[in-house]
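Note that chain A is present in both complexes that follow, paired respectively with chain B and with chain C.
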Partner chain A sequence: MSGSLNILVLIKQVPDTSSKAGLNPDGTIDRAKAKRMLNPFDRFALQAALHSKKVTNGKVTALSMGPPPAVEILLEAIEHGVDKGFLLSDRRLAASDTLATAYALHKVIQHLGPFDLIFTGLQTTDGDTAQVGPQIAERLNLPQVTYCEDFSIEGGKLHARRIVEGGHQTVVSEFPALVTVANAYHHLEYKTIRGARLVQELQRNEELKAQYIQTITLDDVGADPELCGLKGSPTIVAHTDKVGQIGGRCVMHQGKSIEMLVNEIAAGTNIKEFVRQ
Partner chain B sequence: MSDMDKIKYNLLLVGGSSSNLALAHRLIALAKASGQQLSIAILEKGREFGSHIVSGAVSNPHVIKKLFPDYMENGFPIEGVCTESFFSVMGAYKKWDAPRNLMPAEFKKEGYLILTLSNVIGWMANRLKEEVKDIPNVTIDFFPGFSAHEVIYDGSRVMGVRVSHTENPMDDYIYADVTVFGDKGFLSQDVLKNFDLRKNAQLWSVGVKELWEIPQDLSNKVWHTMGYPVLDGTFGGGFVYGMKNNRLTIGLILSLDSPNPDINPQQRLQDFKKHPWIQSLIQEGRLIKYGAALLPEGGYYSLPEKFAVDGAIIVGDALGTLNQRTLSGVDMAMECGYQAAEVLIEAFRDGDYSQAKLNQFQKRLNNTFVIKDLYESRYFRQAFNENPRLLNSYLPTVAKAVDDGNPMVGMLKVGLSNPFRAPFDGLRVLSLFSGTKDIGPVRYKKCHEHIQPDFQAPAMQNGQPFNKDTIYSREDAVFYANTRYHEGNMHIDEFEATTCMRCISRYSDQGKLPPCVNDCTAEVHRVDEIDNVRKHGMSLENCIQCRTCEIVCPEENLRVNPTAQGSGPDFAGL
Partner chain C sequence: MTEEAKTPPVVPINANQPIGEVLVFAEQILGQLQPVGLELLGAGRDLANKLERPLTAIVLGHNLGDIPKTLIAYGADKVYVADHPDLEQYRTLPYRRVICNWLEQMPVEPHTMLLGSTTTGRDLAPRIAAHFKTGLTADTTELDVGDYEHKGGADPSKIGLYANCLYAIRPSFGESLKARILGPWKNPQMATTRPGVMIPLKPDWERQGEIVQIPVELDPTDYRLVVKETFQEVKKGVNLADADVIVSGGYGMANAEGFELLRQLADCFENAAVGASRKAVDVGWIPYIHQIGQTGKTVRPKVYIACGISGAIQHRVGMQNADLIIAVNKDPDAPIFKFAHHGIVGDVYQVVPEMIRQLKQNQSATTKEVSSVV
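Moving on, here comes the complex of A and B:
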């Protein structure tokens, strides 16, 4: 058992993978049209943060970067037991690549910190780079534990098990440290009734909500706008290819008996001659 | 635990039911008028409001009109208004629509609303959210995905409920000045038992229902049927409701106080669908959803002695206000909520949550159509219970005559072959139905006490040609209930493994499976043979939470608990 830890978890709102997200003409995702959800990988980071809070009697702050609707995932995090949320939201951040994102977020962390433990998800479902977490650690000059599938906090140190090719590796780190949590970690526990109640109260009471969730801008944290957004992003998306229409000609045959399935598939294809009646 | 840290409300509504939502709607209107400060919490075990709701439903609009006078314009979800209703006797091959003048008045549903109750519940919850925004003195917290697991008592007073089992007990309990139980018996049965309020057994039926998309438009047509495929003496019948957008509801309601240990409601519904008439409707159609739920059918004599205790009121299906004779449950439940709200506003004003105060609800309800109608229908089930011939002899004779082409001859045959009994039976039944003859209070046996292990069901006539693609096995049907469970879900208790083994061996001796396996609507219960011992096993991830197993278990060895985390079926739109 260690002293109370000050814990940060980074979470992101992504287009809901179950909705058919529209695409802009340039091939990027039309985020305004898509339904939104908490990045599924971040659920493991959230669970890691809440677990650390419980075992160290600590505090968890959630930080997200995105347009104003991203407040939704901060509220969701509070339902699960997060104590406070910050949203970095600034038009000048639009079209940030991982370099610019990590720059902006590390400025926020310097502004809000210090934190003993920072958790991030492995990657996001919209970018899939897995670069932001490690970049932030480098910028903050923190030890980083990537692909962490389990951990314990003993004697004021982090004992973590990482997934490596062909097995796993156990590492011990001092605090502060940044951990990217693999999706092999424990599933996020269900929201609590207290958390769900608090969030409904926050939605009724703007004043109280401001105490729990703050929206901050680049100016608040002293970040250089030149290093953010499109300007700060050396990544160039030269060209995107559509690898097939969503939905396409795929037909799902579900919830039928085997006999029905065989008949349906046989009727729709040219495999009829191979089906024995 | 200090009071500050407690999660506490003035009013806690257990269950997002039509009764509880009607209650909240009425209560906040009263609080708006009086300025009464109120905090309300609504627990709903489904993922969303409405996702665990299954009902027919054809409903008399009178209470909806009272609650939402603008219901035709305000977006209240209606599938249609009945323009043609039929009462049909089903043979195995033919259907006979009773002429209008022979049709029991209860089955004349013209002008009634055809509803998808799960949609109605979702709409009512959203409407509440909007309404409460304009009432600064009232707050409502909605908790979909949270169910009550346990009632908390302090002596003779209900204090609230337990919601979860986290490591922090202060986060697990919700306390309230008044808790209202509007559930389907999952939890309210504990309150009734704790205070010994229900002296007579409750009778239950199970309803199974499929929603189809069909090529033709049958909207606003309503059929209620008797006969095939329920000719084994079980009380029950079918319903077919035409809805807008080319959708069709096909359902079957089967009483669980049957001697038959193999009712198998889901498969019986498939038999119903094999009937040439239904086949003609669903050819080229598509199954959209499947679901099942219990209906409390004991009526007047199964009502609890009191409808309230210190700190709690019981409404709707928890109370058992469904009127089986008139097939009405939704309006009864909503009226319960409406009347309870009138009592509660005074209770909150006076700060008096005693049984004496809260049970004003019973007095109020006694003066409404709810209890008056139930009183009139009080012998409806008794008429069938005391005279099994009605269902196991007369009905099959008439059904056979329908197939032979002349139902009137069938009725005559019933009269001729039982020259002394039938006319007497007929008169007695009519007087019991209408409640004009008083035979004093009746007592019901529990449903499972009716089951006879050695019961021989008459062979089902299943010679009709049917399209196999319209018929679904129980395993396949589960897919259409959209079940989803969290890891580690264990919501059905089996109290004693040896009791189940004894029951299984008793039924094995008859070459049969026990009722929990047969009557399960979703392929949950099974018999596993392990080391030559036959044991009871369960596939809980299939469960659609109808609670039939609990009711038919001959040993009362099963208990279906409310699930956590919103787990279970998704009946939205069913």
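Moving on, here comes the complex of A and C:
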């Protein structure tokens, strides 16, 4: 059994693409109208952090970066049992790529830390890069366990199972370490009644809320604005191409009985050649 | 002054900067070279030819045997080999140390570095990118080099024309657009690509190349994480790469049971597998190994039957090269009908059972014919 751990979980608010709100007919997204949600992968990171808190009698801090509405996901984290939330929110962070994001977040982590364990989701559903976690680990010179799907804390070390190409791997890491959690992680911790009551209370009482959730800027953590946002990003999206139409024009089959539609496909294509005999 | 002198041709800002090589990280697992490295050499060869620079590969491991020669046969001009017992299995910190040390001592850093977007590549690439504070684009679907005119932005000193930039091209989030991502300000310009996306060259076993042993100097801190065991698992019935027919389901399948129906349809074919769109995987109806698309597998079957899949660009890039695409969707305006060859507008829960019925009928009809001949 280890002593109580000081745990950090990184979470992000992303557009909810499963909701119709903000979704244009052509499949593009109107970010202003889109519903917002906690990045689905971060839910697993949150669970992993809360599990570590429980087994080590530790403390969990949640950190997010984004515009002010991202406070919503910090409240959600508190509902689940996180002890404290921080939102790094600063206009100078706009258009940050993964390198600039990792720079800014590592400055906050240095300011709030030290932490024994840092959890992140494997990736976000809006960026899909899976880069920010390892880039923070590099900045902080930490060992990392990516694609983690299960773990235990024994003898002051992290014993983890991670996904590798075509299988699994078991690893043992010293603390401190950074862990990116895959969506196969399954030790679910539920919202607590205590958490739900607390959040209700926080929504009524701004003063109390400020004790649990703090919004901070680059200046608060001594981050260099030149290394953030567009200026600090080595990559830019230079050009977007409309995707050209490919293949032949689609032969549409509709407005007849299902039997006839399927028959047209069977007659009009070569799929029968592949049927099991 | 002549007229010409007044309007000089635009000189790229980076015209005097030396251009480095194109470097590919070749991944091995338990001594087996992974195909993605060979695919990246195929893409890298084209970039290296355009830049008129060598294509190099770097491979780490222990007792690597013929791997360096194989990399040369598939297009590498030079192979950097780090052979050490402690590199036998991939671990972030030792691999990162050896690669970063090697790149740091190069007189000119590589222009481009490509890695597979595998569990290893996605673990390693961001560490290297953060170490060199350079740009990294994930899951690219196309790579190219060309000019770029930077017209504005936060830093006026960057405005101007840049030559020989890596174009890292990937679908952009939530849009039917492809984004061209550039980072000409810092080398190496880095990108990862999913296995199956790029095409390897035909191997030329007569091809000559240079093999360079590189130093391995690890630090005690590189041993903070140890690998206990690696398990390779045999996957049953998920051979998407070799299947002639792929029956694939999306969010329109509505539940996990829907995929059981798709399995029944797949069973009607001789060599078929079940695929899925990302949304169906995200909600847990089917495991990730079935996922087709930008963040899943790229497939080229003879027949692709898309059931309840809307056809977002992220899915399309993973299956658009199928010989025949048949789409079933109840929404006649679904984007999938813009690039499928045949489309059925209808409810998957009516169409798929009818397909199964007709294919089975066909099957028994053929069997009867055969038996009557015999």
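The rule is simple: the second predicted complex is superposed on the first by the 225 of 277 C-alpha atoms of A that agree within 3 Å, B and C clash if a C-alpha of one lies under 4 Å from a C-alpha of the other, contacts with A are read in each partner's own complex, and residues count from 1 in each chain.
We adopt the following convention: a contact is a pair of C-beta atoms (placed from the backbone, for glycine too) under 8 Å apart; a residue touches a chain by one contact, two chains touch by 3 or more.
Everything quoted here is computed from the prediction, not taken from an experiment.
Student: Taking the superposition on A as described, I'd like to know which of chain B and chain C A:146 touches: first, second, both or neither.
Tutor: The second partner, chain C, only.
Student: Between chain B and chain C, pick out the one touching the greater number of residues of chain A.
Tutor: Answer, by number of touched residues of chain A: C.
Student: After lining up the shared chain so the two structures overlap, which partner does A:262 touch, if you call chain B first and chain C second: first, second, both or neither?
Tutor: second
Student: Between chain B and chain C, whom does A:127 touch in the aligned arrangement: first, second, both, or neither?
Tutor: Second partner only.
Student: Looking at A:254, would you say it contacts chain B, chain C, both, or neither? Reply first, second, both or neither.
Tutor: both
Student: Taking the superposition as given, does A:271 touch the first partner, chain B, the second, chain C, both, or neither?
Tutor: In the superposed model, A:271 contacts chain C only, not chain B.
Student: Given the touch rule stated above, what does A:196 touch, chain B (first), chain C (second), both, or neither?
Tutor: The first partner, chain B, only.
Student: On the A-aligned overlay, A:110 touches which partner chain: chain B = first, chain C = second, or both, or neither?
Tutor: neither
Student: Across the two complexes, what residues of chain A are contacted by chain B and by chain C?
Tutor: In chain A, residues 254-255, 259, 263 are touched by chain B and also by chain C.
Student: Once bound in the complex, which stretches of chain A touch chain C?
Tutor: Contacts found on chain A: 15, 17-18, 25-29, 40, 97-99, 102, 125-135, 137-139, 141, 143-147, 162-174, 177, 183, 229-231, 233-243, 245-248, 250-255, 258-259, 261-263, 265-266, 268-272, 274-277.
Student: Under the touch definition given earlier, write down the residues of chain C that touch chain A in their complex.
Tutor: It comes out as residues 29, 34, 90, 92-93, 96, 118-120, 122-123, 125-127, 129-131, 133-139, 148, 150, 153-155, 168-169, 171-183, 185-186, 221, 224-233, 235, 244-245, 251, 267-272, 279, 282-283, 288, 294-295, 302-303, 310, 312-313, 316, 320, 324-327, 332-333, 335, 337-346, 350-351, 354-355, 358-359, 362-363, 366-367, 370.
Student: What residues on chain B touch chain A, complex-wise?
Tutor: 7, 41, 139, 141-143, 145-146, 163-164, 166-167, 170-172, 174, 287, 468-469, 472-473, 476, 479-480, 486-487, 564-565
Student: Can you tell me which positions in chain A touch chain B when the two form their complex?
Tutor: Against chain B, the touching part of chain A is residues 54, 187, 190-194, 196-197, 200-201, 204, 254-257, 259-260, 263.
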